[in-house]
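Two complexes come next, and they have one chain in common, chain A, joined by chain B in the first and chain C in the second.
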Partner chain A sequence: MPLLQVEDLRVFFHTYAGVIRAVDGLSFSLEPGQCLGVVGESGSGKSAAMMALLGLLPQPPAKIHGGRALFHHQDLLCLPKRELRKIRGNKIAMIFQDPMTSLNPYLRISTQMTEILTTHEGVSTKNALSRAIAALEQVGIADASRAIVQYPHQFSGGMRQRVMIAMALLTKAEIIIADEPTTALDVTIQAQIIELLRSLQQRYGLSLILVTHDLGVVAGISDHILVMYNGRLVERGTVEDIFYRPSHPYTEGLLQALPRVDQQHQHLYAIPGAPPLPTAQRQGCSFAPRCPQVMPMCYEGEVPWVAINQQHQYLCHLTTELKEGAAR
Partner chain B sequence: MTTKEPLLRVVNLQKFFPARRAGFFGHSRGTIQAVNKVSFTLNAGETLGIVGESGCGKSTLGRTIMGLYKPSGGKVFFRHKDLGSLAGAEQIAMRRHYQMIFQDPYASLNPRMNIYDIIAEPLRTHRLAASPFELSLKIRELMDRVGLPATMARRHPHEFSGGQRQRIAIARAIAIKPSLIICDEPVSALDVSIQAQIINLLQELQRELGVAYVFISHDIGVVRHVSHRILVMYLGGVMEQAATEQLFTAAAHPYTQALLSAVPLPDPRRERQRQRIILRGDLPSSLNPPKACLFQSRCPHAFEPCGKTPPPLDTITPGHTFACHLPHSR
Partner chain C sequence: MLGYIIRRLLQVIPVLWLVATSTFFLMHAAPGGPFDSERQISAEIQANINARYHLDEPLGKQYLRYLQMLASGDLGPSFRYADRSVNEIIATTFPVSAMVGLIGLFFALSIGLSTGIFAASKLNSWRDYSAMLLALLGISLPSFVVGPLMILLFSIKLGWFSVSGYNRLQDLLLPGLTMGIMYAAFFARLTRGGISEIIRQDFIRTAKAKGLSNTVIMLRHTLKGGLLPATSFLGPAATAMLTGSLVVETIFNLPGLGRFFVQSALNRDYTLVMGCVLFLAVLIVIMNLLVDLAYAFLDPRVTYD
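So, the complex of A and B:
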């Protein structure tokens, strides 16, 4: 049974400029101990979906127009705030791009880390402190007992991100949702953090949702991948399906547009045009204006899902037979 | 190897910033060595990539070459002329030949000017259009060249997307037909699909106009794709310099090796099998960089001499140099 099952999630923003369909019918499931990568460009709705699951979007302007998110037989989208607060930051932890926004600059790391344990679990201050130090050691912070009495600004970006991960370990989170956790970091630090997440995932059987725009980051750590475009899920599959057998024209284009360190004299395919305006009326496939294989029917009606197998599906009018025909 | 003078020759360029405590009477806490003794040459029509992590001085290097900062030491020769020795009309005339593109085009485009005036400004400054009619023709041509519809000429920067704004910045830079453009993280703020459009545009322009680029980026994939030669910087100093393929096949400096191995590959199977060199710790403060070898505090191979004497610049093959105490035949 999946640990988290999301069905047909719809999150719209009601703004003066019009309705923005930030997430439009997202379904996925997360199995225990797995890593799910969610990729897409800015404005694709990947972050909005995760924020909505945890009730972190201000309502209004956001409004959840439907869907279910089952976690231990509870629908996260219907839970009262008090109940959700017990899960959020506790059973489901979240790590953001900029850890400075999630850490209070006025409080010592020790205060912020022990707070969770003393208020939620009724652990004594002394006990909580030693558990916090142990958690910092697990995430590879050297001299943790000295570091813990420091303030967030005394930490580097990479160390702050480690603190966030340590907090997730402290509450024995079952799911960590990491939203662009390494985007603000240099590549050598990024490598450290990804390596840390991978090893913790293996050691503690954590489930991880990794939201990123960087296809390289998800390649090494994810089991399954969701590709989002303009609020919609356009392709899902195992990591190998997505990287070696991409089927949606957008996924194909995205992979060919990536300048790679492991290839020389590569031709970069540039997807023409730009993503549609978020307030634009949605009819047919929203990738149609940029799609190299566009057909007249793409501009109208509902786009069907094409199932290659149980795990690998994409949202497109181009069936596998049509594709083979075109290749020939 | 040709013996002709390269387009751009940078010799021992240095840029130090005083670090002061806050307040009017703040006293100096020392100097930040943002760029320390950087030397390289760039031939006409080629691209030199400059890579390094944040704080390594790559942007400061670009700005110092442009003359936006006064160098603390060293020289920049452009078309045989020492840029530091030029003044007045001669300096302005020389500036026609090099331009710059920044990471955030929104910050580098005047929000109150329309696109027409933004692109016209360098042409007017250098008096390169004889009449208003000629000016309008040139602007139409430039907009067309960078892929902007001419009907958008009267719009203002806020009406454009990030990719389009970068096109405007490129149109402005190529307006006066420079022979060198310094690109400081030109595609870092863009999504992958738009990034590829801008990279392709820059490469087409290079082929058509023969313009040389100094291409500054933290994204090693992008730098590999566009550069003929690459310079790797760390804490203000040059660690290694080589032709692109040489650097990717035979990186000699431990920092370059770690940097290349840290870049994630969009290839799951290889990514899982890969042996990464994970560097210890964080970048040291540039206020108090390690003595002798800058990289010693994070180097997996650091040994005795690294803390004593600055590493010599070792040449492996002509054009491939690295600064390390280790012999390159490791």
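So, the complex of A and C:
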């Protein structure tokens, strides 16, 4: 039984410019101990979906228009605020994109860490402090008992992200959602943070949702990958499926756009065009205007799911047979 | 930190010299003098008075004489109130103004901060709008309207306080409240503004994601940063309140410093004007130092050394 099962999640933003369908019918499930990568470009709705699960989107302008998110037989989307607070930071922890702004600059690290334990487990401050120090040591912060009384501005970006990860480890959360955990960091630090997440995931059997626009980040750590485009899921599969057998033209384009060390390309491939305006009317496949294999039927009606097997599916009119035909 | 405080306090000396110099020459440049009046007095008497107060000497000499006096901590005799020194006037009137000011400050902070927090706890809701409407009213209503209304209600209708004058300590409550209301309105707006700025930050989202309650988020995560704008305003506001207000002291007929300050300028009471200005300057420097120290307390990124 999956740990988290999301069905047909719809999150719309109601703005003066019109309705933005940020997440439009997202379904996925997360098995215990699994690492799920969610990839997509900025504005594809990947972060909005994760925030919606924890009730972190400001409403208004955001509004959840439907769907279910089952976690231990409870639907996260309709839990009362009080009940949801007991899950946030406790059963489901979140790591945010920018560690420079995600920690409170006015409070000591110790305060920001221990308050999680005193809130959710009601332990004494002293007890909480020793556990917080232990968590900092787990994420590789040297001299943790001295570091913990410092303020965030005394830490580097990578250190701060380690603190955020330590916070997520504190309560032994069942699910950790990492929303672009490496985007704001230097490349060398990125690798360290991903390595840290990978080793923690293996050591503690964490269930991890890794949201990123960087395919390189998900490649080494994820079991399954969801590819999102313009608020919709367009392809899902195991990490091998996505990297070796990409089936949706968008995923293919993304992979072609990756720089490769074994080839001396002068120019990096770029998917032509730009994502549609978020407020645009949705008719047919939203990738159609940029798709190299577009057909007239792509611009109208509903796009069907093509199932290659139980785990690998994509949203496209191009069935596997059609593709083979074109290849021949 | 201690070194910083001492250095800041030493800065008072050049500031005072600059203030004293500019006030001295500005006052003497203003037309008229302390002993001009409608009534004609004989040239002989005029000359005697001028000689008594050294007004017959060249300005430069008067200036040096004044600085010399200042250096010994003497603000000189009042030109207007014979037999009273400026030190004495300030020493007797400042406690009254300061007491009114302290009461005012208490009301301003307690009403202002709580209204601001109340409004910011649910931005753009009816409670925000109604609190800010009240604040607008408080800023817009001048104290010469609020004061008499207070007297009408609390002194005449309810009979709780003296209508006018300063006989008992509680008579300072109404003037304090009158003065406090306007500043409370400023503090309410600044607090609301400061908090609404912090509430948008990423780290508040982190706090929510940790499962903290709204109360904890407001008190622990938002307030420290949210109070910074109000803290900056606290320095000048406290100085202005402690040194008294002409309007409030006139309405309530109090022997406070604010009235003497304004009167002295109209009377060309050179020494009293300069004494008041210098006293104010010292207070402002001290208040600003206190505000800067409060800043370091609220925001750990601010350090002094």
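Brief remarks follow.
Here is the rule we go by: the second predicted complex is superposed on the first by the 322 of 328 C-alpha atoms of A that agree within 3 Å, B and C clash if a C-alpha of one lies under 4 Å from a C-alpha of the other, contacts with A are read in each partner's own complex, and residues count from 1 in each chain.
Rule of thumb we're sticking to: contacts are C-beta pairs under 8 Å (C-beta built on N, C-alpha and C of every residue); 3 or more make two chains touch, one makes a residue touch a chain.
From a predicted model like this one, the values you see are computed outputs, not experimental measurements.
Partners chain B and chain C, brought together by superposition on chain A, fit side by side with no clash.
Once the two complexes are laid over each other on the shared chain, residue contacts for A:I87 go to chain C alone; chain B is not touched. Look at A:R260: by the touch rule set out above, it reaches chain B but stays clear of chain C. Once the two complexes are overlaid on the shared chain, A:D75 sits clear of chain B and of chain C alike. By the document's definition of touching, neither partner reaches A:D8: not chain B, not chain C. By the touch criterion defined above, A:E300 reaches neither chain B nor chain C.
Applying the stated contact rule after C-alpha superposition, one finds that A:L107 touches chain C and leaves chain B untouched. Of the two partner chains, chain C is the only one that A:L54 touches; chain B does not reach it.
Put chain B and chain C next to each other and count what each touches on chain A; the higher total goes to B.
For the pair chain B and chain C, the minimum alpha-carbon spacing after aligning on chain A is 10 Å.
Touching of chain A by both chain B and chain C, each in its own complex, is seen for no residue at all. Residues 54, 56, 85-90, 93-94, 96, 98, 101-108, 111, 115-116, 119-120, 151, 153, 164, 167 of chain A are the ones that touch chain C when the two sit in their complex.
Chain B makes touch with chain A in their complex at residues 53-54, 161, 163-164, 191-197, 199-200, 218-222, 224-226, 244-245, 248, 258-272, 274, 276, 278-279, 282-283.
The touching residues of chain C, counted against chain A in their complex, run 201-203, 205-213, 216, 220-221, 224-225, 298-301.
Contacts from chain A toward chain B in the complex involve residues 41-42, 156, 158-159, 186-192, 194-195, 213-217, 219-220, 222, 239-240, 243-244, 253-255, 257-262, 264, 266, 268-272, 274-275, 290.
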